[in-house]
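Okay, got some structures for you below.
Heads up, the next two complexes both have chain A, just with different partners, chain B and then chain C.
Up next, the complex of A and B:
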């Protein structure tokens, strides 16, 4: 999965947010817990990236870059 | 023993002196000793139950941590000779052993909690020919969940287990959080719990202000309202319908807020006296604009627990992901393909309701929250369409106030499950809001509640003060922003103490009522 694909996926969910620059998505409550599980489901279904419960922490979802770093880590495992 | 009993105040005072006298590295022992004394004074019969949880979770976490370390060492030692598949198979085998151990400890502790909390209710519900009167240890729901959260974090490898038994025992039993939480996380609490803070008069002043502010909320508001609400929701509840239900809903919202946030203020303030930072449990919940937001601001440590240890794991489990995938293939992006998400929401909320207590009302309260959240999620496209037709509406202050009021009233309605006995009582009260409101009768009959003009004045001033503090504090702490100067801090402490002493509502024997959340 590429960073651009991730951005596109996130934009489909929230067209009003500029995910390339937005920070603190969880801390500022921009993304809700429902958004987080929707992202996890989408990643698993479309890209075969399976997040574990341990991966679902604010630091991994606070920005698109942090999420992409997590995805890369999982893909390289 | 509650925060406002003489025994508790004496214990905290004595402990503070011992804490300051002891060398830094032994100060955590004073806190542990104080916690044991507190718990023994609350009820000696409670101690064995707390002991079982402390011992089993400590032991299981150690074994889980060792297993993870062993696995890491083995994989790194045999990196070159093992294939990727062999490593995965080894990890799976070891993971299964850890899961078995984890489940054993989880079932033992949840079983203990369930047996003590729900047996009497279940026997009664199923009309069993016998009854039981078992003790319900103080704070069992709080310390069990805090301990199990720690165990899950260790199992996930989030942090290594605490090897020092006494330090772990302190984490599980730290006395300020035993009455009604908050439910702390080990990685956060351990940062300050074992540190042995220096004597800092300003920090003690800040702690005192928070304790006294909590006491004001509890004694000036919550306890003042308790008799009136007992009348509205008690045995004569059927006589108070329509407008009385509405008034009761609003007053109960005020009482619950004052009681629970007041208790948490006192817990956090006591922690602060010893330099221990307990997690915040509220973030101005009555200013939320929707129910989902409300639940990220009210009882945050409990909500966070269920989110991280029930809701997320359920949703990202293989079974749920497979189920979602199957439904999406069949039904596309429709309501039906969200069934797994909705199921996880309902399971989480049912568990949250049952956590609060033994009774159908608690389960139904939880499910109502889940259903309303699902409804708001399902209707979101409609809201979005509405707002796309009226751009800029969301940013208007008036619309924001409407959203806050709407959410406040919605939560008041859901709380009817707290107030009335059984679904019949709740339905009767709810329907009367639309059939026999009669607001005039309520206004002319207000004196029946037993509150004097002075009581109403105190309630109004305190409600306004709580709102003002919420609005002024914003994201930070009111004390840091407005009471940074020591003289302001100590003046505030003195003023709050005078308020508590002069205007507090004291019951028979001049003791405060129990905290509502203390029963959970």
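Up next, the complex of A and C:
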């Protein structure tokens, strides 16, 4: 999965947010718990990226870059 | 009539120093809760409040619960307002109520004053320090209202469901025994306090002497921490919407941590996918599990069904049998009693009506189908159901465009009405994609999708904003001019 694909997926969910620059997505409550579930489901169904329970922490979802770093980590495992 | 608060008198006499509610930071014991409610009630009465709506705009906290009970002590009815509600919705609610009194806290005072400048604003901390009586009142007026909560309305105007205190008393007499609440239970409250869903935990605490923690919202984006929080506090009873349970199991939380103390799980308001239900059953083999079903218009839940053993994936979990005193009718399209049809609920739990809205009240409440002369009114849920071979009610679907999304009741029409009120939107239609739990909005007009996303955020609660917004050159129509939803379904989803 590429960073651009991730951005596109996130934009589909929230077209009003510039995910390339936005920070604190969880801390500022831009993304809800249900968004996190949707993201995890979409990553798994469309890209075969399986997030583990311990990966679901705010730090990994606060920005698109943090999330992409997590995805790269999982893909390289 | 005995008062709802008499339960708290009784429990506070019995367990004065036991923790009743905690929000993690502040906890109130039963005697402290009674003291706070008595003082808030006395303060309101001293200010001249009498059998009228009192808005409560406070942080979700143990104090907010004491404020609700204080409003009842004053013989008034509470109307929860919430900082998370969008401004336009709050304005509509305040317009419908025109309250003379608002209970608020320091954090929300400015917002409360802006929202309702004409009202008298009472700060909770001061009201709770007002010298009140030692005991709460034991008697209530027969027709007293206890609260008004607002739900989604298809025209865009939210409906104020008005619940009598007698209905709350009926709930207190039925639900706790039906699902086996007792003093040993420690609840974790998932729901916001501005709906009626948390009444289940309120009853577990007030009637049976249990304890309840308000779970911090942010834990739900961190399911491992959520379960750890639950374990640390020995929380053993969860009454959540099915989507909150599903959220935890779908993220494979149980590979890392499982709830260690769980004795009771109640879910309701929506279908619990069998795969996720099974995951919870495996993780918590000692928990008793209940499916509940009901309507805000009937004071929360009215039906219950124990879920025992493996569930067949192709068979819906029944919503079960009514609480004692609750009547169930199934009406066909001609309004006659049938084996399958619209679920109509009767009994003491039925609402007084929609607040100051006789037209929509008359559409929702009908004379008792089995005894039209009795003067008793029953509520048409708009849900379709049938009875199975065991006499258990099975939920089949809706007869209109109302959906359940993330545990919330949503009228797609309200979203459409909000979209149509935006500049540059000519036509709008909302579709619910059930298997992906997604709300899609299709529209015509020059407005850009971004304009709708931003515009709708101001008008609608977060759970009602569409997950996908798509512009179309045109939308298909039926011969009568209405938008053809079936054609959209076929075109957009290939169904």
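Quick note on the criterion: the second predicted complex is superposed on the first by the 77 of 77 C-alpha atoms of A that agree within 3 Å, B and C clash if a C-alpha of one lies under 4 Å from a C-alpha of the other, contacts with A are read in each partner's own complex, and residues count from 1 in each chain.
Basically, a contact is a pair of C-beta atoms (placed from the backbone, for glycine too) under 8 Å apart; a residue touches a chain by one contact, two chains touch by 3 or more.
Small disclaimer: the values here were computed from a predicted structure and weren't measured.
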| item | value |
| --- | --- |
| Contacts of A:12 with chain B and chain C, given as first, second, both or neither | second |
| Comparing the two partners chain B and chain C, which touches a greater set of residues in chain A | C |
| Partner chain(s) touched by A:40 [first = chain B, second = chain C, both, neither] | both |
| Which superposed partner A:26 touches (first chain B, second chain C, both, neither) | second |
| Touched partner set for A:54, first chain B, second chain C, both or neither | both |
| Common ground on chain A, meaning residues reached by chain C in one complex and by chain B in the other | 32-34, 36-38, 40-41, 51-54, 56 |
| Complex contacts: residues of chain A adjacent to chain B | 29, 32-34, 36-38, 40-41, 44-45, 50-54, 56 |
| For the chain C and chain A complex, residues of the former touching the latter | 217-218, 220-225, 243, 246-247, 250-257, 406, 437-438, 449-450, 453-454, 457, 462-463, 467-469 |
| Contact footprint of chain A on chain B as seen in their complex | 156-158, 292-293, 296, 307-309, 311-313, 315-316, 318, 321, 324-325, 328, 341, 344, 377 |
| Chain C partner contacts - residues on chain A that touch it in the complex | 12-16, 26, 31-34, 36-38, 40-41, 51-54, 56-58, 61 |
